[in-house]
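Okay, so subunit A shows up in both of these, paired with subunit B first and subunit C after.
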Partner chain A sequence: MYRINESKMYYDMADGQAIVINFVTGMYYGSNLLGSAVLDRLQAGVSPNSVLEALRGLPGCPEDMGEQLDAFIAELISREILIPGPTNAEECCLIGGEALEDGFFLTVDEFAEAQDLLLADPVHDVDASQGWPVLRED
Partner chain B sequence: MLQQSAGNRVPPELFFEAMERRIGQRCSGGFSVFYIRAAGRVVELRFTSKELMAATREQLRWCETEAVKNPDARFFYWNDSVGSYLPESHTGAFCLNMDDRASGAYLRTWPEGRMLAFNPLTRSYYFCEAYKSREEFYRSGHALVLLFSLWAQDRDLILLHGAAVGEAGEGVLICARGGSGKSTLSIACLLAGLDFVSDDYVLVSGSGPLRAFPLYSMICLNPDMYGKLPELRAPVLSVNHARGDRLLLDASGYRFSSGLPIRAVVFPEITEDRAASFQPMAPGRAMVHLIDSTIHQMGENRNTRLVKTIAGRFLNTPVYRMRLGGDPMENACAVGRFIREDLQHVSNQ
Partner chain C sequence: MPRISVIVPCYNYGRFLSECLESLFAQTFRDFEVLVVDDGSEDYTREAVRNFPAARYFYQEHHGISSARNRGLREAGGECIAFLDADDLWLPDKLEKQAAYLDAHPECNLVFTRMENFYDGDPALLTETALRLLNTAEPLYLPSACIRSVLFQSYGGFREELPHGEDTEWVMRAGVCGEDLGNLLEEVLYRRRIHGGNITLTHNPNSAREYLKIAAAAIHSARKLKRTPEKPSAGRT
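Right, the complex of A and B next:
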């Protein structure tokens, strides 16, 4: 089973969304609603089989959910968000239908500075004779 | 993304010269100016309108100080919209950006026309946004928070979205999401005679001993909590009808602490308990709230450097969950006791 890698990660749920912060790299991770619900169960020590059973109990569960869950867990491990941990047999695994509001899939999103591409640069694109805010025509 | 060649680069100073010309055109009668002292540094704030200056000054009154010849930095704040100059093809979260690590020059604009910039040659910081009425100005939150955050990062300081209070020269940082009792608890501490730094935004030293400094003297309270603190004597600056009639109050008549060492982080939770209590907790939840709310308030949700800096500052700071009781003033007394007795005990171990 799994738990949050607390030697590197801060974790919390806010309004149904998981937030994970790698305080060593400053990287920020999020997940869609269903992914957040699954991550929350996994980090509490619920077994992947119990999570899969809960997912299959939801209406409209895709047939490949087992593969999706395996890939999701593999990504969480590869990003060092989850590490092996104890099983929590007492933890109940219920996933409500509200977790499906943004789709029946599991994603891990990474937010970093590099995602903000510079679309134009007013220093380098500015008209040299007139200065800001007149941009070069070319 | 536009491809640039080194040959056609225009130096940052040209850009900033053009921008200052533009500001000057909007302010032919001279700037309205006042000065503040924050974390031991004097900053000059220049405005193109008296109205804009007055509304900002109301929020920073406690830190206001006399004019100096060589301030640590100069802030320019004016109304304009850079958005009207952006080519139509430029869309997305940030339309124009510059973060020139070599020179330190910085520029960021938003699609709605706001602009934040720093010219390292003149130590000048710039913020412009479209004109807002006084009500809209207050509705958008604390004045110049993005500018102060940028300045703080350049000065080995961090502007955090949190409160700070203390007792007998020792302080705690209070962090929580909106609606978790952070402001009410810290304002109750102010009324109970504890050392008070801030209820919402606090400057924290970026290295060395962890220390909190005040900036804004405007405090914010929900109307129901305002009713529970009848002894509060702070003129109402504005009422934010868009946020449940949240009251924005001028607390500059009270004495603020000029700086407090931070010994712990307190994470309050509203409960049905009669009396407040404290328990040590793993830092994860509190740190997510502190970092997440700070970087979102500052519009810095891609800034891994800032995330690392905040996290690094609090790595070895103990975190306590505070289960709030029903009476704000009793909660404040509990904070005082906690700092005086429990925290001192932990520090001495």
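Right, the complex of A and C next:
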């Protein structure tokens, strides 16, 4: 089972969209609605088998969903978003049909647009003599 | 229509407000309006504003600084918006220099100034956290900025569910949406007063996790804006 790699990542979910901020590199990751729903269950400790069962219960589930899920998890691990974690058998695995609004696939998208802003906590880490976004050397 | 609307949110800072408004009405630039949004103060804020008849006064039940800022945005009529916290001060040529910069750089939508912290109380009463804040610079300090009002039409107002960091969230939201945040006047034109009641002090400014929470909120808002064609109004993101 898996959990968020909190030594490097900050996870947040809002309006069905997951965001994972890598506060070491300043990159952040997002996913489509279905990917967000799946990630939300995985990081809560739901087993991949339970997630796959929930996906197969959705109308129109493609035959290769198992392979898609494996690839999705592999990418989340390779990006150090997920690491091994405890099982949470209590967590509800139901995935609602609204998660299919943007398609029956799973994506991991990487974004650099907030990198400067995320790397520099403007309150504490900016070199005051030079200003944004020059970071202090430490 | 005034060139600049200056929004002064105030909650129980009547004791600082007169000095704040004096710095505002001492501006060398004259084409501005002042909107004091009293967020349910129980002190003499209303009475303090009465000494400045040119200031427009709005009272609302207490809902927090975001709500007060958003109320100001809804009432403002200026081409540009600036904020002045009720416990802070401006140097006399702040608006003049920012207006001139925006005139000279039509591609620029917001320009910050450098700010400095000051404390005019008994140094022995400064806590360690307050002392640390006194020595901290914030180059992208939203209250120092002069902002073309169209940006609030594009990006929305302040998130009212955030008890603090609402200004940082807005700046980050604009940045993630692609707004150029690199326009900065090198002079100190904004003075932030450090005292026991600063929101930044009472909400643990050293929490990296708090900053990430605000950053995540900003990213969510920005991504939602990019997905949704409808332009938000002040108070909604």
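In this section, the second predicted complex is superposed on the first by the 112 of 138 C-alpha atoms of A that agree within 3 Å, B and C clash if a C-alpha of one lies under 4 Å from a C-alpha of the other, contacts with A are read in each partner's own complex, and residues count from 1 in each chain.
As a convention for this text, contacts are C-beta pairs under 8 Å (C-beta built on N, C-alpha and C of every residue); 3 or more make two chains touch, one makes a residue touch a chain.
From a predicted model like this one, the values you see are computed outputs, not experimental measurements.
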Report the partner of subunit A that touches more of its residues: subunit B or subunit C.
B
In the overlay, answer first, second, both or neither for which of subunit B and subunit C A:12 touches.
both
Tell me which partner A:105 touches in the superposition: subunit B (first), subunit C (second), both or neither.
neither
Thinking of the overlay built on chain A, is A:21 touched by subunit B (first), by subunit C (second), by both, or by neither?
both
Just checking: does A:30 make contact with subunit B only, subunit C only, both, or neither of them? Give me first, second, both or neither.
second
Identify the partner contact of A:4: answer first if only subunit B is touched, second if only subunit C is, both if each is, neither if none is.
first
For subunit A, what residues appear in both contact lists, the one with subunit B and the one with subunit C?
10, 12, 14, 19, 21, 23, 28, 113, 117-118, 121-124, 126, 128, 131-132
Contact footprint of subunit C on subunit A as seen in their complex:
10, 12, 14-15, 17, 19, 21, 23, 28, 30, 113-114, 117-118, 121-124, 126, 128, 131-132
Write out the stretch or stretches of subunit C touching subunit A in their complex.
114, 136-140, 168, 172, 175-176, 178, 181-182, 184, 200, 205-206, 208-209, 211-213, 215-220, 223-224
Which positions of subunit A touch subunit B when the two form their complex?
4, 6, 9-12, 14, 19, 21, 23-28, 111-113, 115-126, 128, 130-136
Sort out for me which residues of subunit B touch subunit A in the complex.
1-2, 4, 8-12, 14-15, 17-19, 21-22, 82, 85-87, 89-98, 100, 105, 107, 109, 177, 282-285, 287-289, 291-292, 301-308, 311-312, 315
